[in-house]
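Alright, structures below, take your time with them.
Both of the next two complexes hold chain A, though its partner changes from chain B to chain C.
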Partner chain A sequence: MTGSRSKSVVIWTFVIAALVMLSAPTIVVLGASFTAGNIITFPPEGLSLKWYGAIAQASDLRQAFIRSLIVATICTIVSIPVGTLAGIALAKYRVRFARSIQIYLLLPFTIPLIGSGIGMMLVFGNMGVLGRLWPVGIACCVINLPFMIWAVTASASNLSPDLELAAANCGAPPLQRFLYITLPAVLPGVITGSLLMFILALNEFLVSLLLVDARSVTLPVQIYNSIRSIITPDLAAISVVFIASAAIAIAVLDRLVGLDIFLKSK
Partner chain B sequence: MRRSRAAYPWTWRVMDGLESLAARLWPARFEKGLPYLMLAPAVLLVGILVLGLVQIGDSSLRVLDTSTFLMSEDLTLANYQRALTESFFATVAGRSLLGSVIVTIVTLIFAFPYAYLMVRTPSSALRKFLLVALFLPFFIGQVVRAYGWLIILGNQGMVNEALGLVGVPPMRLLYNYPAVLFGLVQYMLPFAVLMLAPALTAIPAELESAASSLGANWLRTFRHVVLPLARPGLVGAGLVVVTLSLTDFAIPAILGGGSQDFIANAIYDQFFRTSDQGMGATLSLMLVAVGSLLVGLVFMLFGAGTLAMTGGRK
Partner chain C sequence: MAAASAERRGPRDTIAVSVRDVGMVFGDVHAVRNASFDLPKGRFLTILGPSGSGKTTLLRMIAGFDAPTSGEIYINDRPVSAVPPHRRAIGMVFQKLALFPHMTAAENVAFPLKMRRHDARAIPEKVERYLELVRLGGYGGRRINELSGGQQQRVAIARALVFEPDLLLLDEPLAALDRKLREEMQLEFRRIQKELGVTTINVTHDQREALVVSDEVIVMEGGLIQQKAEPVQAYRTPANAFVANFIGVTNFIEGVVAARDGASVSVSAHGCTLPGVAVGEALAGGDACAGAVRAEQIRIAPRAETLGNLDTLVEGTVVDAIFEGERIVYEVRVPGLGDQLFRVFDHDPVNHLQFSPGDSVCLGWNARDMHVFKK
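Moving on, here comes the complex of A and B:
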């Protein structure tokens, strides 16, 4: 079967090229963080952990990282109740204008990021709160909210309405039904969604760039400001934080819902 | 006293208290309104975006007074006229549009075999590996990825150092148009593959076997069976990639080094370099219009795909 052989040769050529493109930056950043030299060279000048020591000393990088963590935490904490309630409402109830509400709630995806960012910059600027961290957290929450709602609706539609009726039949009042039946059922979706929200807020760049000032830069903005001057390996070491958190997020996602869900057709 | 407490634990008391509180706050006769109450926070939160758009619209109608550096009080359409006539903006818009079209074509060419292999491979380990390789860069963020490319392609970067070892003089690989397009392609690959995969999953493998048992070689099978059936996925992925690369900021800023600005960079410069808020707002609004039109088209043609909130089955 020469036909199938040439087919797999062609496909694998493209796939390997794509794999190289996808993975090269990650691998190089990982490798560069362990270099013993002062600038990044090829071939590397030996292995050392000195750049990890250097970032432990660099207070600006550390503070930027802490700010990013705060932003991601605010974003996640806000999105959990908001996204969960909206997701359950859309999946469980018959809502009038459901279609319009869905389209409205998808606005964060349909409006280009630069437009959303500029708009929120003007809004928060008029409120006089630019430069604080909570507006950045809220902004990250707004632009990624559809992910959260999607994750919750996906697991809420697996919940049979009979379960709640059965609970009601046994005398459970509405709040108990919500806490003991509905909430546990959508919990996997809530966890998946919060994970996405946290990781996306942690490395959100453009909206952060628009909403922070010099005193409140987040880590992606700090890295962006630094790579425009000289490229030193300490940035690679701090970037490993992102790589590690991404790896953890993928592992947890795979455990919780399985990555295969993204291959399913509607 | 003691017995009754054992029979009625304090957790029940708490729940009863909460239950009556909830009943008082939201009596049962408002039951019909409950889903709207649950939707309200999300609607309000997205309302910030709408408010932002209104503010952008307002700013876009005011021109910058270059003597006082204040925005004008009266409203005009002068910014729109400038945006449509000045050649600088036309150059930037042309560069972005051409770039996003090239990026889309190249991305689809690479994404299609990737998605095809991922969907059709019998090995679940390979499938998982391909998925992880796709998600890892997606979750790492644009800045770190662009930083990786700077290390690889910079003047003292790995490629040039490696070429130097074999005696080739250093080449300027960064801060040009191809570098930006290359960066965008690798940024868009995960999006394109994830949009294509469900469309390919929906094509029964038996159709391909049928085509080949009727004597079609794999190229003809692809051309006449797989590609036409995958067209919704291709168009959807294409529109998403066009929109995202048209409006991208980080890759042109970092890999273009200021000389290869896309529309988003021009908007940023209007706000933070020239401080012409009105012009920046005008460009933003025009970009929002074009971008929303493209995405709206995707949603109308294909539904919201994997992001559909109608609670399609998993």
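Moving on, here comes the complex of A and C:
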């Protein structure tokens, strides 16, 4: 019996250590945001919500946050049709070079972000659209699209090819088959992928940094800019708001489709 | 083969499905060759064959999922090669049922009506009527995964029938069920088919199912139709050795035709001469042949005297006796016929003498029960 007890001690030690490591940054920033002092410290000096008040007043932070939301929304809206169709096609049809396509789709994500960021900076620069928000949304979509495709492919590959034949047999023409049968069946994957895309675009820093100018900074870039001048606890507070937004997205996901499908997505 | 089989077709019997010289080639594999048959309205046809015999391919062509590489299929006298599946009025029950998982039972049954633009106000009443037909009244609100295997079967049947199709196709939907449920559903298919009078084509590899449910049976092998007949005919007078072997349990005695006189023929095998009935005109003296005797047509007794009235008697030794409840299956080695193993059924295990492995026995059968096929 002692053998299994010492085993469980070792396992639990690892589990707790891992949990502490993973959550430490969040806890530190959360604690620091409640400080009553004027510099970021952990543990905080006293407790107050004054820095939350400060960020509510700071229009630059608020506007940067809104811009991040816009970027994330554009990215999600673009990725839903593109990722859904690509995911279904890869899962359902014997696409020629399916393997190569998958690797190609991974590329923007596999090559260093700074490289693809600079590439997109050149492309959008040539088009003369640098500094607007939609190119940032498109860029986030391009980089993170594999996640969307994985999520959709995971649901679509469980889909029996007989279902579409059955729908045809029921009298459904091709478009109706897609709308009534295929799409609802892959919907959990689409929801998972969309929320993932939203969160990733909301958080995207490096590519945003390269594609924005002073008029169009997104929140991560705004925070980064502020860190370079003075580090005040309002940055911790805005980070907490940021983390909370991501957490809400995860909660919505869990509520809509359950986290298990999210975790199972290949 | 089909052209030769006699159709009992009166002037009022209209043809629901006509398959004319249909062939299907995948790459260099001939999945179906030259299939031709007519199915009168209201009949229940079963296409029986082992896997890879082409029976499912034929069904999929009738459903419109694959186009034949040659020949034409007519449904209600109209050629359908150019008609996509959703424009054919065919209901189908799939092997894996293919119910829509995100819909309730009632929504599944309503789907064909919605897609075929039936009057929306009449749909709920019709759905309920068909759910009652398959004895699922009141289950409409259940999700598919809340139903048992048998109930899912019934939803699939209701969905295939609710729009009153010209033709019902069954693609081995019972294959995955356990035996008791399968036999129950076979009778259910038969009841519903008779009640609605819908022309039905069923595909299966289960010979018992084919005999139980069908008005007509087509036996397929290697992409070819081997025989089309009513179940009793297919069983009693198989057209060839394949059909004799596939339906029922049959003992084959290989030999050479010694003489032929009209239908009666004598087969010489291992120095014995066995009388039988020739199948087909082509069989002539000197041909290699196989005599087929059904396991239930062979009588088994301890001594030859008890079987005195039978035409053919052989002696052997019991190798195995398998008790199956309603019958005993004996395996008997017959030294006089090249040590061949015979399978023999005894259908009265309560009253009959029972044999054990090692017992010497005598087997006997009548000449009219040995069908002789050309090899």
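Basically, the second predicted complex is superposed on the first by the 224 of 266 C-alpha atoms of A that agree within 3 Å, B and C clash if a C-alpha of one lies under 4 Å from a C-alpha of the other, contacts with A are read in each partner's own complex, and residues count from 1 in each chain.
We adopt the following convention: contacts are C-beta pairs under 8 Å (C-beta built on N, C-alpha and C of every residue); 3 or more make two chains touch, one makes a residue touch a chain.
Given the structure is predicted, the values throughout are model-derived calculations rather than measurements.
Trainee: Regarding the shared-chain residue A:Ala168, is it in contact with chain B (first), chain C (second), both, or neither?
Mentor: Touch status of A:Ala168: second partner only.
Trainee: For A:Ala214 in the superposed arrangement: first (chain B), second (chain C), both or neither?
Mentor: Touch status of A:Ala214: no partner.
Trainee: Considering only the touch criterion stated at the top, classify A:Leu107 as touching first (chain B), second (chain C), both, or neither.
Mentor: It touches chain B, and chain C stays clear.
Trainee: Once the structures are superposed on A, label A:Leu145 by its partner contacts, choosing first (chain B), second (chain C), both or neither.
Mentor: Only chain B is touched by A:Leu145; chain C is not.
Trainee: In the superposed arrangement, which partner chain does A:Pro184 touch: chain B (first), chain C (second), both, or neither?
Mentor: Once the two structures are laid over each other on A, A:Pro184 reaches chain C alone.
Trainee: Is A:Leu85 contacted by the first partner chain B, the second partner chain C, both or neither?
Mentor: A:Leu85: touches chain B, not chain C.
Trainee: Of chain B and chain C, which one contacts the greater number of residues in chain A?
Mentor: B
Trainee: For A:Gln176, select first, second, both or neither according to whether it touches chain B, chain C, the two together, or no partner.
Mentor: The answer is both, since A:Gln176 touches chain B and chain C.
Trainee: Per the contact definition in the header, classify A:Thr153: touching chain B only (first), chain C only (second), both, or neither.
Mentor: In the superposed model, A:Thr153 contacts chain B only, not chain C.
Trainee: Residues of chain A that sit at the chain B interface in one complex and at the chain C interface in the other, please.
Mentor: Common interface on chain A, chain B vs chain C: 173, 176.
Trainee: Inside the complex, what are the residues of chain A that reach chain C?
Mentor: So the residues of chain A touching chain C come out as 160, 162-163, 165-173, 176, 180-181, 184-185, 187.
Trainee: Which part of chain C faces chain A closely enough to touch in the complex?
Mentor: 63-65, 84-87, 90-92, 94-96, 98-102, 111-112, 115-116, 159-160, 163
Trainee: Mind listing the chain A positions that touch chain B in their complex?
Mentor: 3-4, 6-7, 10-12, 14-15, 17-19, 21-26, 28-29, 32, 39-43, 78, 81-83, 85-93, 95, 98, 101-116, 118-123, 126, 138-139, 141-142, 145-147, 149-150, 153-158, 173-176, 199-200, 202-206, 209-210, 220, 223-224, 227-228, 231, 235-236, 239, 242-243, 245-247, 249-250, 253-254, 259-266
Trainee: Name, in rising order, each residue of chain B that touches chain A in their complex.
Mentor: 15, 18-19, 22-23, 28, 34-36, 38-39, 41-43, 45-46, 48-53, 55-56, 59, 109-114, 116-119, 127-128, 130-137, 139-152, 154, 156-158, 161-162, 185-186, 189-190, 194, 197-199, 201-202, 212, 217-219, 243, 246-247, 249-250, 253-254, 263-264, 267-268, 271, 280-281, 284-285, 287-288, 291-292, 295-296, 299, 303-314
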